[in-house]
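Every chain is named by a letter (A, B, C and D) in the order it is written, and numbering of its residues begins at 1.
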């Protein structure tokens, strides 16, 4: 087991710089998820850690040891690939044992570990099959088995669940989580699915265009997204974003959001006149709120324990509201909609998070008119 | 869709497919047999020519000989100053060594071109392709001079050594195309499993490329076995002649030729090739569909 | 790998071969002197020649002769390669067509200095020996003479009731014979092959017109008129339908078995006297040998030419040993008996006399023919210049256009003489 | 530097045999032939430098050079597609699970085994004779066949037929390639009710593209270099009337019959450039239609 340190890591293909100045500390025993939209460099980063891709700048250290020039085979890590990459010409047993034999492990030890892995993953009946005789879920287990027999310091997962159907994905997610609980080894897990990230990670790294947007626990990311991108990326259903114009009104700053009455903002360390205010669908109140307006329900999505309403404001913007339990709303209905200032996330014109300096003041009832 | 529906649909599909396949199979066989006849004609003709009296070989399109000249075979075997036994041994030595050389050296180079990253890869690949394009006849003489200076003329070295040095670039290109088809994640998985590049080549790429290797082995065998230009230039001693070279001893432009015997020996010279073909074509069939992993 | 030599391989091969058949042991004689002999051939010739080598080595234990052989079509490729590598065998078999190309480029050594010392050919037919002279020097020793011969199907002649004077017939006679044979067979057997593409026939034609194809300076001396009339003559026969189908004509140098006389599609064909044996072997009907037809004025056109030579190459190292073999080849009764007439008619009267008793009928026919034409043939023409080989090909190519009626004989003749000129110019 | 070595070492080590072969054995003769192309060389005497003389003669004065180019191009355009289509069609027939498929495969390869032997030359002459098997077959359909081999207008087609009929090697390569296409793709398409033709264009062609590309490039190179069949069937001359005067036949005759190795070398380099242009074009366009699975760079 080992921690991992990235210092100023960069990657370029010729003149094309795709990653620059990346710094990251991964703690020993952590389940770190790299998440981001496709093309954000998360797989490349994982492959750089694995040693499958050269780094052009900086250093990568595993367990305190710089591994820049160490080939993948000597980094003492294992990796589960999106396509599983099982050796098609070998049986399951051979697939599991192959890596161990490469490290010249005694036969008895190989057999012990393979048996152990097979037991953990419940693939014992499959040991003599070839990969093409396996179902997707079975292949996935074998791929994981191949990773765990090595007893590596570090596990790398490259979107391992993306080829599975939804049901199987949920099941495997749970199994991976319990595997992590059992092994306690450092794991780095790449996915584009923020639900996977939220459910499994001890910490999440959100990447965009080769840059780290935020690192933090799932809660941190959810409750205090550091920028608009993270706010938009983490959380499902997606956060509502409202463009606000700010003007000074004496001591106070007033915000104007299309469709709402102007309201006073808490103290924010910015002089930008255009902010973005975000509110999670769960915090959007249908039927009131400190700041309120009216909207027309365009669509009702009934999800069982919650109901999702798509509410169009007069301005045309559609907001999402998530309501617990069953609600008797119909499409076409006009409803009041609003939010409380305490639930707002504030972002400046460059998309960076702003922390309110004091508790939100009383709503600005005095301010009249709505746009 | 319920499970029952699914089973029924699958069953239906299967029945339909079976029915269509049976009809299709019959038609296919009929077609293939027809084509086979056209394909077999030259061999039958050759066989019949090898059994015909000399004056029936030409002008007479009848396949059935008026009298069977089996002595074309027995006499042909010993018609030349050395018996064909020697020529077969020689051909076998040259061919077997060449096939081994080709498979080893070309798969090495192909693995490098298809899988490894190194400076100048495209440049070297272009150079390699160039050697495929140059008409052989104009390098014949410089090559002869070169081997002469090495003292290799009148030995098998000029025929065998280049093949251990990947001179038949056709096979490199062939293998490159097949290697590139294998999922790269297999190499990467193997890398992480502690494989050196050589181990990846040996334990992953080669076993997964049996169809390509089988194809290369077959071509290599056939081409070396049938090659006569290089043996013609480099072999002087009739005791070292290969079978195709020996076949060239039968014909005289102006004087008496022994066509019947030559054809008889030509028929026999095909036997090892056909045997090799039948043995190695199984490799092609046994290929593993690796690209179906996604 | 470095020690991996042919000898090792041969030893392996030898062992394996010995296991399979007890026949062939590789003689591992250590000779201090070694020469190489290179010829083209056929199975019969190869066996005879290896037998000559064996016999020669027996009487000359100090000399190792390696015999190298390959069929005609590959012979010249290999020869050129070895020449370029300066690795020519000591003695090489030469053909009249290639002799001048090799001599003029300096690939062969003259033999004159050895005559009378190690090469005892004083009693040989002078004309036959002179066939190997180029620019006054003897570069090639005749090992078999030859002449053009019109081979005819004697049975067909008899059936058609024609009895031409085969040593004096004219082109008109020839046409009449063709008509008669064609008529008699109902067109199944034509009178003759169509010889429009046969440059030897053209050469005879030109000489019969009193000129040479190439003059002594190596220039084209033949005229457009010569070529045009030649092609016209054959076009006339073609039009009359008494020669073989044009589609067979344009197939260049077919194997003996596909020539008109052998397939029975024609009663006359042009061949060389050393081919008589081979032709008869392929045919049921008896054959006869006639001279090339004459013009009205009766000037001779054909000549006796060496069919094959042996030459000493510029790369020969042990010239003395080579001379021993060469001299033995044409004078040693043991060797000449092995060789027989396979390469043509020997130019030594003694050898011919020694062979006479054991000849087969068809071999006798060729000797008789050879004797009969001795005083009716023309002298040797001046040796052809460099590029003559290419002129031959141009002739065939342009002649094909005439035969296929894509151009007129006169136009073609114009084109041919013109092209021959420029070929020779380029070859200089 | 150390990194350079570490990065490149495996590649160079695997290429070592080829490097040795190329730089020690192949490159010398190739450069020599390039040098010879600027000389007059009769193979007996030392080559004599004549600068661009050979090239000048070739382009300005040599009518047969242009004829040879014409014949060769004509052949390439006809024979390559014909042979590839034939090979692919048969390979697909043989790919699906028929019993005794091995037998057919062997039978279909047989013509290619005979190569360009003397037997083929004689056989071809008999098949395409004015009264040969081909014309007899045509006559039974009421068609009067031409005199195939001796008519300069048709003789080339007999070689195209020969090329089509000897489709064994591209067929075998196609077969090997078809084995790599996973069955389940077809099964899925079958369930979707995809018609056969679309299965072919949507599954077979794209997945076979690398192999098709290989065959296309190689067959084109081979066709440009066609020698043996043309040489043996035209008796080494390109006859009748130069209608089978393939480029390499012309080159061979210039070199070995007429002792113009220098000129032949120049011919060879011109051919090399022509082939290289075609090959480069194929490689450049391959980006758009050849996709390798999992290829990252």
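The rule is short, and it goes like this: contacts are C-beta pairs under 8 Å (C-beta built on N, C-alpha and C of every residue); 3 or more make two chains touch, one makes a residue touch a chain.
None of the values given here were measured: they were computed from a predicted structure.
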item	value
Centroid-based (C-alpha) most distant chain relative to chain A	C
Interface with the most contact pairs, given as the two chains involved	B-D
Distance between chain centroids, defined by C-alpha means - chain B, chain D (Å)	16
Approximate Å spacing (C-alpha centroids) for the pair chain C, chain D	37
Distance between chain centroids, defined by C-alpha means - chain A, chain C (Å)	90
Interchain centroid distance [CA atoms averaged], chain B/chain C, Å	39
Residues of chain C engaged with two or more neighbouring chains	73, 77, 80-81, 84, 253, 255, 258
Touching two or more other chains - residues of chain B	57-59, 141, 145, 161, 183, 185, 251, 289-290, 292
For chain D, residues that touch 2 or more chains besides their own	7, 43, 122, 255-256, 261, 294
Pairwise touch network: line, ring, star, complete, or other	other
Chain pairs in mutual contact under the definition given at the outset	A-B, A-D, B-C, B-D, C-D
Complex interface listing, chain A residues touching chain D	54, 69, 83
Residues of chain C touching chain B in the complex	1, 4-6, 9-10, 12-13, 16-17, 20-21, 23-24, 26, 36, 40-47, 50, 66-74, 77-78, 80-82, 84-85, 87, 253, 255-258, 262-263, 272, 274-275, 277-278, 281-284, 342
Residue ranges of chain D in contact with chain C within the complex	42-45, 122, 125, 129-130, 147, 149-152, 234-237, 239-242, 253, 255-259, 261
In the complex, chain D residues that touch chain B	4, 7-8, 10-12, 14-18, 20-22, 24-26, 28-30, 32-33, 36, 43, 90, 93-94, 98, 101-102, 104-115, 117-120, 122-123, 126, 132-133, 165, 169, 172-173, 175-177, 179-185, 190-191, 207, 210-211, 213-214, 217-218, 221, 224-225, 227, 248, 251-252, 255-256, 261, 264-265, 267-268, 271-272, 275-276, 279, 292-297
Interfacial residue positions of chain C with respect to chain D in the complex	73, 76-77, 80-81, 83-84, 101-102, 105-107, 245-248, 250-255, 258, 386-387, 389-390, 393, 396-397, 400-401, 404, 406, 427
